[in-house]
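Chain naming follows the written order as A, B and C, and within any one chain the residues start at number 1.
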Amino acid sequence: MPERRARAGRSRLDGKLDRIREAEEAGLLEHARGSRALRKMLGNRLSLLGLAVFSAIVLSALLAPWICRYDPQKIDLRSVLRPPSAAHLFGTDKLGRDIFSRVLHGGRISILVGLGSALGAAAIGILLGSYGGYKGGPADRAFLRLSEVFMAFPQIILVLLLVSIVGQSVSNLVLIFVATGWGSIYRMTRARMLSIREEEYVQALRAFGLPDLLICYKHMLPNALGPIMVNITLSTAMFILQEAALSFLGLGVPLEIATWGNILNAANDINVLARYWWIWLPVGSVISLFVLSVNFIGDGLRDSADPSQLG
Amino acid sequence: MIAYTLRRFLALAPMMLLMTFLVFLGLELTPGDAVSFIAGPEAMANMDGSQLAALRESLGLDDPFLARYFRWLGGVLRGDFGYSLTSGVPIARIVAERLPATLELSAAALLVSTLLGSALGLASALNRGKALDQALTVAGMIGVSVPEFFFGLVSILVFSIELKWLPVGGRTRPEYLGLWDRLPHLVLPALVLGVSMTAGVMRYARASMLDALGKDFMRTARSKGLPEARVDLVHGFRAALAPIAVLIGFRLPMLIGGSVVIEQIFQWPGVGSEFLAAVRGQNYPLVMTIALLSVLAVLAASFLVDLATAALDPRVKLS
Amino acid sequence: MEGETLVRVRNLRTYLYANGRCNKAVNDVSFDVRAGRTLCVVGESGCGKSVTAASIMQLLPPLARIESGEIAYRSAEGELRLDRLPRNGRAMRSLRGRDLGMIFQDPMTALNPVYSIGFQIRESLRYHTRLGAPARRAKAIELLADMGIPLPAQRSGEYPHQLSGGMRQRAMIAMAMACEPKVLIADEPTTALDVTVQAQVFDLMERLKRERGTAIMLITHDMGVVAELADEVVVMYMGNVVESGTVREVLKSPAHPYTRALLGSIPLLGRGRSQRLEPIRGSTPDPFDRPPGCQFAPRCPRQEPACDAGLPPEVEVSAAHRVRCLFAKEGRDGR
């Protein structure tokens, strides 16, 4: 249609559509093959980037003892508050400790707390939620009520309240996170199971007389796992943020253990904040990057697990 | 409407009762002599052991647990929360002094994040797939990922210390009086507190708007010959509003929680920084009271969200 | 003017683009919509009938394009090439709602749930007439009354979810007819409704045609509806018009195997249980993997190798009856 082309203001979209049409007419296009979910995930550049950053940070934290030249706890009063240099990549803090080494070693604790809490909360939430959603009953109603009570608090306030009661330690923190975090995954699993329960294959399995536990955990749960995985990913990010905030406030992991939040704690001092940026800026950026990468991965997982989005 | 409010209040009552019970249980189980936060510190200082025992007796501290609970609950309902363990000041007075600052900060952050978040989400959805949308999507992800306090630290360094545009912290200076004078103090904390909520609202507003854009009624609106801007805003955005209001309601607890950290960073004299001090000092009566109030705030917020949703979506019935 | 051609569609091709593929949803379609007549476009879902309607209204999705052909509308000021107007430009917008009205399949989703139906009717008036607010209010109520809605003043303030399905569709028609358009395009207007309500909606459309001389283009998949309402009929299959003509000719002596199959697959009232229904064998082909020639060939009882040689040309069976089939003439009597 040369006449048409000359007339209408042609956009870039038109050019793109022309190319598709020509390819279609030449019979070059065919149906895409392979796993759609995988294809979508791989096609999502941001999730891939997130995966790369995530792996890099996790690996360097795991390999910290082999990467770092300095002991993260070693106090060296001869080199205090040194700015970043070849000897000390991220500089040194008030006690002359190497910040790069502290960031890598701190990552181990921070990631452990975040991932451990997310997995712990998920384990409880899934265990209770899938059976509760499938069978119901008074126990389920009680747990539902309990989760409502927990979720009525702003999370950080509940966490701080519990910290004030049980005291500060890494394991206490994980326990508190699990106690305050299981509710959301429990409710989500429960809701998924409630809808799966109505599907015909479940009715069929029941008619066969299979034990409830088998139906629930072996046959139904796998079909609810997609959104649960996304939730675990995102709650890992949330717990890491919370650990950082608590430790920054001096109420999380005890200060003598290096974690990302504890390193940032030094920035409570306006003097440090204004003059010694290397003490807090790099570690804050690492936390941000890590959480960002986890969130991108979670987003990618969600998109690829969601069949309602075409592509 | 009034009937609904009443019904809703009655429905919340058991929940609140349970909360107060848990809080009282917490108070009982935590260390610290109950006498000290019922009688007030001055009275305590002038007493010896036998007087103390007599006081315990007269205050009913040796009564059965449930009796003590109901007496405490009666006090709470009259606004008597007992005394702070560290300063001896009635808790009600501490909270009353500090609540306005927190409300001011939260309201400002809520206002900013609601308006900015919806507007950016709308712009993002209307430019789906274009550079603006992609930039906003990445920015939104950064907004929900960067820890609020880190964002606060960076903004203090940039805007207060380096550029000297805004004060480092605090709510006011002695010579200032009006809100207008205080505004420079409010800007940074409110923006920082609102940042992650803005990002959250934006992401959700975008999704909700995209959903609305795909609806059949948009085509109907076009079939009437309405201008595109009217189709997008009057039909699309209006229909997308109710879900956005729901999200804002869900996020409010996070805003309330976030204010604890932000008040600390900006030395904002609100309930949040008092809460932190109480947690540090294991000042349990104060910790519990503030936690109870935060629950009340969350429940009130969810009630407001229900009202807003009903106002925005005629299909929703208040019942 | 009764019988005057208001919309002329010639050799229309509209392609849909999705996921990097191109679907030739409407491929060479021609027909006329005349004043005071009902043109029925009939075919299975996916045959391109809705895309054809959307092309006329320029209400296509963003990734759809009119590739060639013409859509001409005879307006009061002379003939307008609708396909050449910018999609959401001023000219096209002033035609939509004023000259061309459209009603949709499911009034529940096609009406905005957050506005009263009165508001949605008044919106049209606001953009296409000079009526002031009170006059628009009165006119909206009058329109609802005209469409046979009881208590129109009260209904006008109600929201779509408060009305029954039939009421909703009448409100929808009131909205489309607000500015007395000369052409009404109805895209399966009764598919989502009960059978009894269907009849009421069709009565209403008949009345509009009779009393106002509205040209109606009715899209349907139901041959019963065609028999009931149509003056002219266009049968579409996989983006092509396979048969077209006056309703008498097409229904009495269907010349295309697909039309015959459609007619053979509906039960006729009064013939009792003994009648033999013949479902069409096979299923519609994948739009991205089309047969090379006649699109119906793989499902056709009359199929021959020649059918795959290319799209059969249109053959005139009689002055008011055209068919796209190689065996149109011989196949007329029996099979």
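Rule of thumb we're sticking to: a contact is a pair of C-beta atoms (placed from the backbone, for glycine too) under 8 Å apart; a residue touches a chain by one contact, two chains touch by 3 or more.
None of these values were measured; they are calculated from a predicted model.
Here A-B and B-C were compared by C-beta pairs in contact; the pair with more is A-B. Taking each chain's centre as the mean of its C-alpha atoms, the one that lies farthest from the centre of chain B is C. With each centre defined as the average position of its C-alpha atoms, the distance from chain A to chain C rounds to 51 Å.
Work out the mean CA point of chain A and of chain B, and you get 24 Å between them. Mean C-alpha position of chain B lies 54 Å from that of chain C.
Within chain A, not a single residue touches two or more of the remaining chains. Residue ranges of chain B in contact with chain C, taken from their complex: 215-217, 219-228, 235, 238-239, 242, 312-315. Per the touch definition, chain C reaches chain B in the complex via residues 57, 59, 88, 92-98, 101-102, 104, 106, 109-115, 120, 123-124, 127-128, 159, 161, 172, 175-176. By the touch criterion stated above, chain C contacts chain A in their complex at residues 15, 17-22, 63, 65, 67-68, 84, 86, 288. Listing the residues of chain A that touch chain B in their complex gives 46, 145, 148-149, 152-158, 160-161, 163-165, 237, 241, 244-245, 248-251, 264, 267, 270, 273-274, 277, 280-281, 284, 287-288, 291-292, 294-296, 299. Residues 15, 18-19, 22, 26, 29-30, 138, 141-142, 144-150, 153-154, 156-157, 161, 168, 253-254, 256-258, 260-261, 264, 275-276, 278-280, 282, 284, 287-288, 290-291, 294-295, 298-299 of chain B are the ones touching chain A in the complex.
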